[in-house]
Amino acid sequence: MINKMYSSIPDAVADIPDGATVMVGGFGASGSPIELIHALIDQGARNLTVINNNTGNGDVGLAALIGNGQVSKMICSFPRSSQSRVFPRLYKEGRIELELVPQGTLAERIRAAGAGIPAFYTPTTVGTVLAEGKESREFEGRTYVMEPWLKADFALIKCEVADPLGNLTYNKTARNFSPLMCMAAATTIVQTKKRVAAGEIDPEHVITPGIFVNRIVEVPDPVHEDTLIAEGRSYP
Amino acid sequence: MINKMYSSIPDAVADIPDGATVMVGGFGASGSPIELIHALIDQGARNLTVINNNTGNGDVGLAALIGNGQVSKMICSFPRSSQSRVFPRLYKEGRIELELVPQGTLAERIRAAGAGIPAFYTPTTVGTVLAEGKESREFEGRTYVMEPWLKADFALIKCEVADPLGNLTYNKTARNFSPLMCMAAATTIVQTKKRVAAGEIDPEHVITPGIFVNRIVEVPDPVHEDTLIAEGRSYP
Amino acid sequence: MSTGWSREEMAARAALDIPDGSYVNLGIGIPELVTRFVPEGREFIYHTENGMLGMGPPPADADRDLDLMNAGKKYVTAVPGAAYFHHADSFSMIRGGHIDVCVLGTMQVASNGDIANWSTGAPDAIPAVGGAMDLVQGVKHIYVITQHTTRTGEPKLVERCSYPLTGPGVVSRIFTDLAVVDVTDNGFQVVELAPGVTFAEVESKTGAPILPPA
Amino acid sequence: MSTGWSREEMAARAALDIPDGSYVNLGIGIPELVTRFVPEGREFIYHTENGMLGMGPPPADADRDLDLMNAGKKYVTAVPGAAYFHHADSFSMIRGGHIDVCVLGTMQVASNGDIANWSTGAPDAIPAVGGAMDLVQGVKHIYVITQHTTRTGEPKLVERCSYPLTGPGVVSRIFTDLAVVDVTDNGFQVVELAPGVTFAEVESKTGAPILPPA
């Protein structure tokens, strides 16, 4: 029987090498795979390019990964927020690179990678500084810019329910970028709150079909970034 | 309260004009909105461009619409099958135009229209006669062709459950092109087997969010193309 | 000098111009207040770009679901008939022209409809754009709610934006503390003055030619 | 002259070359027989491009759901762990390189990996392509199951396809009634001969240079 379950979080992230491109699911705290990120901190891979909508908050999760010096480049749409301190400091010190991508373009570029579409045209950024250096073109009298797909070596994803085949469901707006990142990464690693047998997720309700998932670890009681920050926690 | 329900099938399709481009959901018999198509036959709009994966079967549904002389052009991936007789006859007589689009490109072009993407690149058709006249381009050492979005004035869609806001679910593989066509048409008209109150579809299980739907009619006991054909029926 | 409209009154005035049944995306700040002033007999469906239609008001602390946030990363609720979806579907709604109205705050808006609301362009600032550029290009009607001038009295309605643009020629209507202003082919056009506010005051606080109410 | 492998034996031989856990898409005809010959201890997950992973065998007539079809428009079932999705997601799996193996029938296959299986190019034929061009460009490994020659004895393994291509240079392995043949940088290469079949017979029935088993 096909079984993508891993029993150990460290095992699931063990082979992420230095220099890898890693997509991290979540929008702010919602859907952030904190346990997988902390395992990547323990694992120690460096010189990572990380793709996430944001850059983490406080001193836990993605912010802690950045703060630990493991990330050389962030690709994101909104690298600052009220509680993000780590990235802004490193960025101002010139110690981390930033590729700023509008949120919708970021989502579509990730989907394109998963869908085998090397490039597409979008009106987003036309007439702005973010269109500089991009190829532009008219369709039906309106100008669009060309955007390339955005692939990754690994994706770290948090979901609500998973079966051993890798079929996933999410909880509410924790869904956000995660189904797209599952499609776009060569190896998708998922932490699930709940594990069920194959067939227990209604085929109509599957959000990420198992074909997009490689490894699953059960994390029945995941910590939440907002809770950790409210408690003043840091990692490691 | 927002209520997109129509009580009459004829009213729901009344304003489809001559010359309209109409997407028709379904893959073969599965998901074909027979009642809406038959209402369009009654309504009589002519010179239609119809987008569907196929061209209908027997003498009912889409085949009957074509047979009634209302369709001047079909855009589809597979215009013949064991039980399609109407389209092949008209095509050989030069009375209907055909734009042949590979199935995945057809789906992606429809999605692109709904997503505001005027064009994208795909490897499909590269090196074949279907790439003739298309712009091609290399990305990362591989050749792709550019494909434009595919929009419609109307979409005729069959679903399983709908609420008055237009949130939809489908039954099994009857889903096929329908969620994409809902996105790509200026006016999306849906026939639903079951109508429920807003909130009765779990927000996690909505396949087509109501924003993509304009009109809904309840057809509690829809006919199925395969059944009609087995019974030797024709329409009108 | 008059005080003009309050923040709440600006939001209420903007809400008046949103048709019943509209799909609406609200920016952070004053635009969020629009939800409190939906005119009697109308219903708006709120889209939040992180992946939800049918966004409802904030929950009581005890009812919070830490996974249910809006695009401003505030906890929210879902109304009956809500739907969740992923980011590509969410921005298909935006880019594909399915959202009817977006109400945004701004730093500057120009008389040709240009808007600048994402960056001051300061060399040491960390650029952050989020979904702003997608929204202004994709949503059918872009409304702006803003104070007519900055805290230091500089006009926010200008001839040409000095800050980096979010999008060119996209804004159709502006709701300020002093007036409702349309962006027309002839530039700014006052549609309505706040009670007690004169056109002369509006004109003096606007950094571009502006036409009086018709 | 030997009879070589039967249709069932060709399908069984192809199944032997599909690794455990593969995501597999099967074309219409002989490829469909592969499901009957999954080697002991292996599990394949079947993708059908109209929108399903986890396709199971045909149902009893009484259990048919008229909405549950495969890409060949035959009624099928769903195995535990199946998932339904729309066509854009389904072809993302194909085009995005997520399907491991596609087993196709063909009219012709060339020694450079070109395949022609969608049209004879006859002027009066109605062209119909379906998902064939997406599959051959997107799936990681394209296998072909075919009789070695046409009913009239013409070779189907040829130097250059005379029919319009489905895709150029995409086929990696061919399972015929006479042999298993790889497409290599040096052209056709016999990997295995059917019992009682000689290389000379294969060579004589192949329309291109072909290398003997190593």
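Annotations
First chain written, first letter: the chains are A, B, C and D, and each begins at residue 1.
By definition in this document, a residue touches a chain if its C-beta (ideal position, glycine included) is under 8 Å from a C-beta of that chain, and two chains touch if they have at least 3 such contacts.
Since the model is a prediction, treat every value here as computed from it, not as a measurement.
The chains in contact with chain A and with chain D alike are B. The minimum number of touch steps linking chain A to chain C comes to 1. Set side by side, B-C and B-D show the greater C-beta contact count at B-D.
Taking each chain's centre as the mean of its C-alpha atoms, chain C lies 55 Å from chain D.
Computed from the mean C-alpha positions, the centre of chain B lies at a distance of 36 Å from the centre of chain C. Taking each chain's centre as the average of its CA atoms, chain B and chain D sit 29 Å apart. Residues of chain D in contact with two or more other chains: 52, 78, 84-85, 88, 91, 94-95, 138.
Counting partner chains per residue, chain B has residues 108, 111, 115-117, 122-123, 170, 172, 203-204, 207 touching two or more of them. Going by the touch rule set out above, the chain pairs that meet are A-B, A-C, A-D, B-C, B-D. Here chain C touches chain A in the complex through residues 48-52, 65-70, 73, 78, 84-88, 90-91, 94-95, 114, 124, 126-134, 137-138, 164-169, going by the rule given at the top.
Within the complex, the chain A residues that touch chain B are 108, 112, 115-123, 139-140, 142, 144, 148, 169-170, 172, 203-205, 207.
Chain A meets chain C in the complex at residues 27-31, 77-81, 87-88, 91-92, 98, 100, 102-108, 110-111, 122-130, 170-180, 207, 224, 226-227. The touching residues of chain C, counted against chain B in their complex, run 20-21, 23, 43, 45, 47, 52-54, 78-85, 88-89, 91-99, 138. The touching residues of chain A, counted against chain D in their complex, run 1-2, 111, 113-117, 163-165, 167, 183, 197-199, 201, 203-204, 206, 209-212.
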